[in-house]
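Two complexes, one shared chain (chain A), two partners (chain B, chain C).
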Partner chain A sequence: MSGNLLHRQPILRRPDGIGGALPALTLVALFFVVPVVALLLRSVTEPVPGLHNYATLFGDGTYTRVFFNTFLVATVVTAVTIIVAFPVAWMLAIMPPALGSIVFGIIILSMWTNLLTRTYAWMVLLQRTGVINRTLMDIGLISEPLPLINNLTGVTIGMVYIMLPFMILPLVGTLRAIDPMTLRAAALCGASPFEAFRRILLPLSLPGIAAGGLMVFVMSLGYFVTPTLLGGTSNMMLAAMIAQMIQSLLNWGLGSAAAFILLVVTMALYALQLRLVGAKRMTGGI
Partner chain B sequence: MKLILTGILAGLLAATAARADEMVFTSWGGTTQEAQTKSWAAPFEASSGIKVLQDGPTDYGKLKAMVEGGSVAWDVVDVEMDFAIKAAKDGLLEPIDFNVVPKADLDPRFTTDHAVGSFYYSFVLAWNKGAVSGEPAGWADMFDLAKFPGKRTFYKWSAPGVIEIALLADGVPADNLYPLDLDRAFKKLDTIKSEIVWWDSGAQSQQLIASGEAAFGQLWNGRVFALEQEGADVGASWNQNLTAADVLVIPKGSKNKVSAMKFLAAATSPKSQAMFAEASGYAPINTAAKAEMPADVVKSLPDAYVDGQINLDMNYWAENRDKIAERWYAWQAK
Partner chain C sequence: MLLDYDRLGWLRAALLGFTGLVAAFLLLPVVFIVLLSFGSSRWLAFPPPSWTLKWYGELFADPAWLEAALTSARIAAMAALLAVVIGLLASFALVRGQFRGRNVLRGLLLTPMVLPVVVFAIAIYAFFLRIGLGGTTAGFVIAHTVLALPFAIIPITAALEGFDKSIEDAAIVCGAGPFEAKLRVTLPAIKIGIFSAAIFAFLASWDEVVVAIFMASPTLQTLPVKIWGSLRQDLSPVIAAASSLLVLLTLSLMVVTALIRRKLSK
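So, the complex of A and B:
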């Protein structure tokens, strides 16, 4: 009898309602909600209660500059990443599958290589006495080393390189779903390649660009290692400033406030991404 | 299955039992911590039977978090002296038990109620001989872009050193440095700001000078010592070398306080201090250590360059660190 009952029950029952989601919710509460609330509390209680930490962050020229730097770097990196990633993704999309999987493998492999190693490699390449400057000087193209590191150029190069896979992957997905015949049709109707790109390929790939772009933008906002190593002190980004406040200055109130602002901005952008990409998906964009 | 569980349990028990004879030493990593492990921890382990686990790098935020959170994983930590003075005031450190740690021969400049010296170093002016024509004589030359063109590298963090160097270069007499004239220092720094490359770790300072990426730099003397040992073509000026110390502290609530005190006694003993100095090029803080060292090692230590040596004022920095740091980072970000 009891054996029968057991047999009638499906082996994997989809948990339903709040009860089923309880383990997951508990984890989120423990590892996300509790620390975030603690962060928020610290930012309004240290060293004395009040909103002074936020007032300092928004009122002091130095901090507003850091906010500006953060958004500037994220914007520049996102824009350059899209421009560089698009042709690569398009090639991947139309490549024969066998070759495509090899190229794909290389991209994924670079993603799995230690971040610090890759950043240090860029330092070796970009510095004044580095490979790039040496080569350019040897062949007589420049007489003085180009300032490629400790500035926005260095940060952009290093970060674009690291962000590329995150842009290429969603883009390939979108591009593969586009019927190549639409482009041929455009050509038959007399469209130049540029015209076909502008009026057909670009609009159809927008969901992928939006998904990848927002992901890159959000990740860039909180980036730490690469901007710290390849940037100068005048390009300091929010994450580096938070680290400085927590580790060196022991000003945890101000650090928490800055971290909380970063979190809120990131969550807002994430929500935007869900809406944008979700909406497109519903209309059959992907 | 039961057998495996029993095995794991037994293993865990053994691990916790072993912990009684263990302690954790935390320092900055790299060649310095290697020398500390070899010169202090290894002989201490042999004589006391207490195992010294290494951790690092030192992180003041983490130290504070451990003490405030009541779960202190570090027993002895190598920190900068001005931090130690401030941290003692903030209640983050255990007082040193000088019944266990003999105090008589310890350099009083680097000993407080809550800290004993670890080693002391000098900031010296180092340069890449291939990238600099001529010999810079002192800090003033580092600010002379006409006479000595090229990039110069300074310590990135707000800490005793750079401000003093700027003031000395601007002609402030050494005995008149404190209280620091910040306006004057930053004005002087402005004149070379575009040529400054910052280093944030000792290894990076070595790399910048050795590669010629920066022609000159303010370096820890031990890092120059290491470069010379590796055969790099570097010069160094000890003129107005600036001394400061690292100190060893025990975070409040350390679980192995007794072992930690014994470790401090061993680490600051003449023998261990001499061994460390020989390995690192940093000076011992035990005045009896010199007798234990070969003469040519003594010659290369900051101890041998006391003429014109300037002691950075750690009490002043402990008092004003936050205020200076705020201005320092704002100026850097500009």
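So, the complex of A and C:
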């Protein structure tokens, strides 16, 4: 028996190698890295070699307005999402489990429901003759329908709706990790609830807010479906512009240059997020 | 106090009220679309003048909807299977491997989840046009597997990290081969992770729309592409009927997941 054990010892010590990752690596290299790199090469070779595509993107007012608008939408959406998500996450972190599981169920249901379905619902709800305008007019709050769709308002409502779960769920984790005793201690020392919130609860939850906020911001920057359906032509976002350049205008050079800019900004923010929270905590959510 | 549910005082009422409002906000579109699908008004007036099933009739009378749904299901099933198998193998290397660049590899394999999907969509579209996979089932499956892979790897690596490797070693000491030990000891132990991976990977493909919009051909389109096309034409209540069926699917998937998770964790 002991001989047998010794004999098997090397097998136990041998760690798993890189071998298992080879199929995944091949798939991602061949069908992700190669196509993306080929696309980026296109941005400096079409129609002729050079950086003229980038010069066009940064020099033309139409395109710089799209960049500005993309950042504006992502900033507004992120800010609103944080403000709406924080009280919900706070409540979820301390709620009795029975009550909390109902709210969690609703969050998961909305998250799992098909994206186009939810966006379609908002298109119908927000239109001029939609339920929201109808109701507001019926109760006499407004006399004219509010312009809720094909503008920044529509995009913000639709995007905040999509992003809320991505902000609430990680924040609940952060808030749960805070020791309630710190707040009891603050109260004993005479801090008012407001002061305890401002000087203890909020600072302690900042890492979660920053991580969730960055994730929402990055996702918003590259979002295509919701802004395209709920936004107007005057506030087009980068992803929609890229799609249009390729699909309708067949301008591969300009389209891939715009894609490269989106990629660089996204990856830079992603790297920042990894540094802030670490890969484990960020992806531990699902 | 601030983190003590029982001692929050008036703040508790305020926070509960706000949470209720947000929950209603999250539920509103889902409930609304289901109600609308039974409304008789072509113009989506709400509340509708009367209730009807005619939009479901129209939906089922048009074979294009069913075909698109079947295409989606077929592609999603294949992509999920591939993503789980490839992701499972990769997870062993990522969790237990001792080689340089392990974190870089993890980052690389998770990148498809982070990169804006529109960038990947036009890249893979151009690439497939060049190598002749554009608009084919194989093309769809490959592209969706790439996108689904992170959603498979994350729950499996999480489960694997929580599994004590010495149990697998014990099986080997007791005479099992390394492969047999993985198959009969480790895999059953991490089955919840594998199951979650399959669900997430399936949904990642089933709901994917941006790549599908670029790659779809007149003869091959997924359900999201069909919905997208209909949305751009008009807001017909037939879309509400199709959407309601998707909501039903989501609900049943949630229930089944909860049941299976409960069963597996016993």
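Note that in this section the second predicted complex is superposed on the first by the 250 of 286 C-alpha atoms of A that agree within 3 Å, B and C clash if a C-alpha of one lies under 4 Å from a C-alpha of the other, contacts with A are read in each partner's own complex, and residues count from 1 in each chain.
Going forward, contacts are C-beta pairs under 8 Å (C-beta built on N, C-alpha and C of every residue); 3 or more make two chains touch, one makes a residue touch a chain.
Predicted model, so just to flag it, every value in this text is computed and none were measured.
Participant: In the superposition on chain A, see if there is space for chain B and chain C together, and answer fit or clash.
Facilitator: Because the two structures are overlaid on the shared chain, the partners are seen to clash.
Participant: In the superposed arrangement, which partner chain does A:Arg199 touch: chain B (first), chain C (second), both, or neither?
Facilitator: After superposing on A, A:Arg199 lies clear of both chain B and chain C.
Participant: Would you check which partner chain A:Leu183 touches, where first means chain B only, second means chain C only, and both and neither mean what they say?
Facilitator: Second partner only.
Participant: Looking at A:Leu109, would you say it contacts chain B, chain C, both, or neither? Reply first, second, both or neither.
Facilitator: Only chain C; A:Leu109 stays clear of chain B.
Participant: For A:Arg275 in the superposed arrangement: first (chain B), second (chain C), both or neither?
Facilitator: A:Arg275 contacts neither chain B nor chain C.
Participant: Touch check for A:Met236: first (chain B), second (chain C), both, or neither?
Facilitator: first
Participant: Is A:Thr129 touching anything from chain B or chain C once the two structures are fitted on A? First, second, both or neither.
Facilitator: both
Participant: Applying the document's definition of touching, compare chain B and chain C: which contacts more of chain A?
Facilitator: Counting residues of chain A touched by each partner, the higher count goes to C.
Participant: Now for A:Ile246: first (chain B), second (chain C), both, or neither, which partner does it touch?
Facilitator: In the superposition, A:Ile246 touches chain B and chain C alike.
Participant: Given 129-137, 165-173, 183-191 or 237-245, which one is the stretch of chain C whose C-alpha atoms run into chain B?
Facilitator: Among 129-137, 165-173, 183-191 or 237-245, only one stretch of chain C overlaps chain B, namely 129-137.
Participant: Counting contacts the way the document defines them, which residues of chain A are shared by the two interfaces, the one with chain B and the one with chain C?
Facilitator: 127, 129, 246-247, 252
Participant: Applying the document's contact rule, which stretches of chain B touch chain A when the two form their complex?
Facilitator: The contact residues of chain B facing chain A are 59-62, 64, 151, 156-158, 197-198, 211-213, 322, 325-326, 329-330, 332-334.
Participant: Would you tell me which residues of chain A are touching chain C in their complex?
Facilitator: Touching chain C: residues 5, 8, 11-12, 15-25, 27-28, 31-36, 38-39, 42, 84, 87-88, 90-96, 102-103, 105-110, 112-118, 120-125, 127, 129-131, 134, 161, 164-165, 175, 178, 180, 183-184, 187, 193, 196-197, 200-201, 218, 221-225, 229, 239, 242-243, 246-247, 252, 255-256, 259, 262-263, 266-267, 270, 274, 279, 283-284, 286 of chain A.
Participant: Going by the contact rule at the top, pick out the chain A residues touching chain B in the complex.
Facilitator: 60-62, 65-66, 127-129, 150, 232-234, 236, 244, 246-252
Participant: Once bound in the complex, which stretches of chain C touch chain A?
Facilitator: 1-5, 8, 11, 15-16, 18-19, 22-23, 25-30, 32-33, 36, 43-46, 85-87, 89-99, 103, 105-112, 114-127, 142-143, 145-146, 149-151, 153-155, 158, 169, 172-173, 178, 196, 200, 203, 207, 209-210, 213-214, 224, 227-228, 231, 235, 239-240, 243, 246-247, 250-251, 253-254
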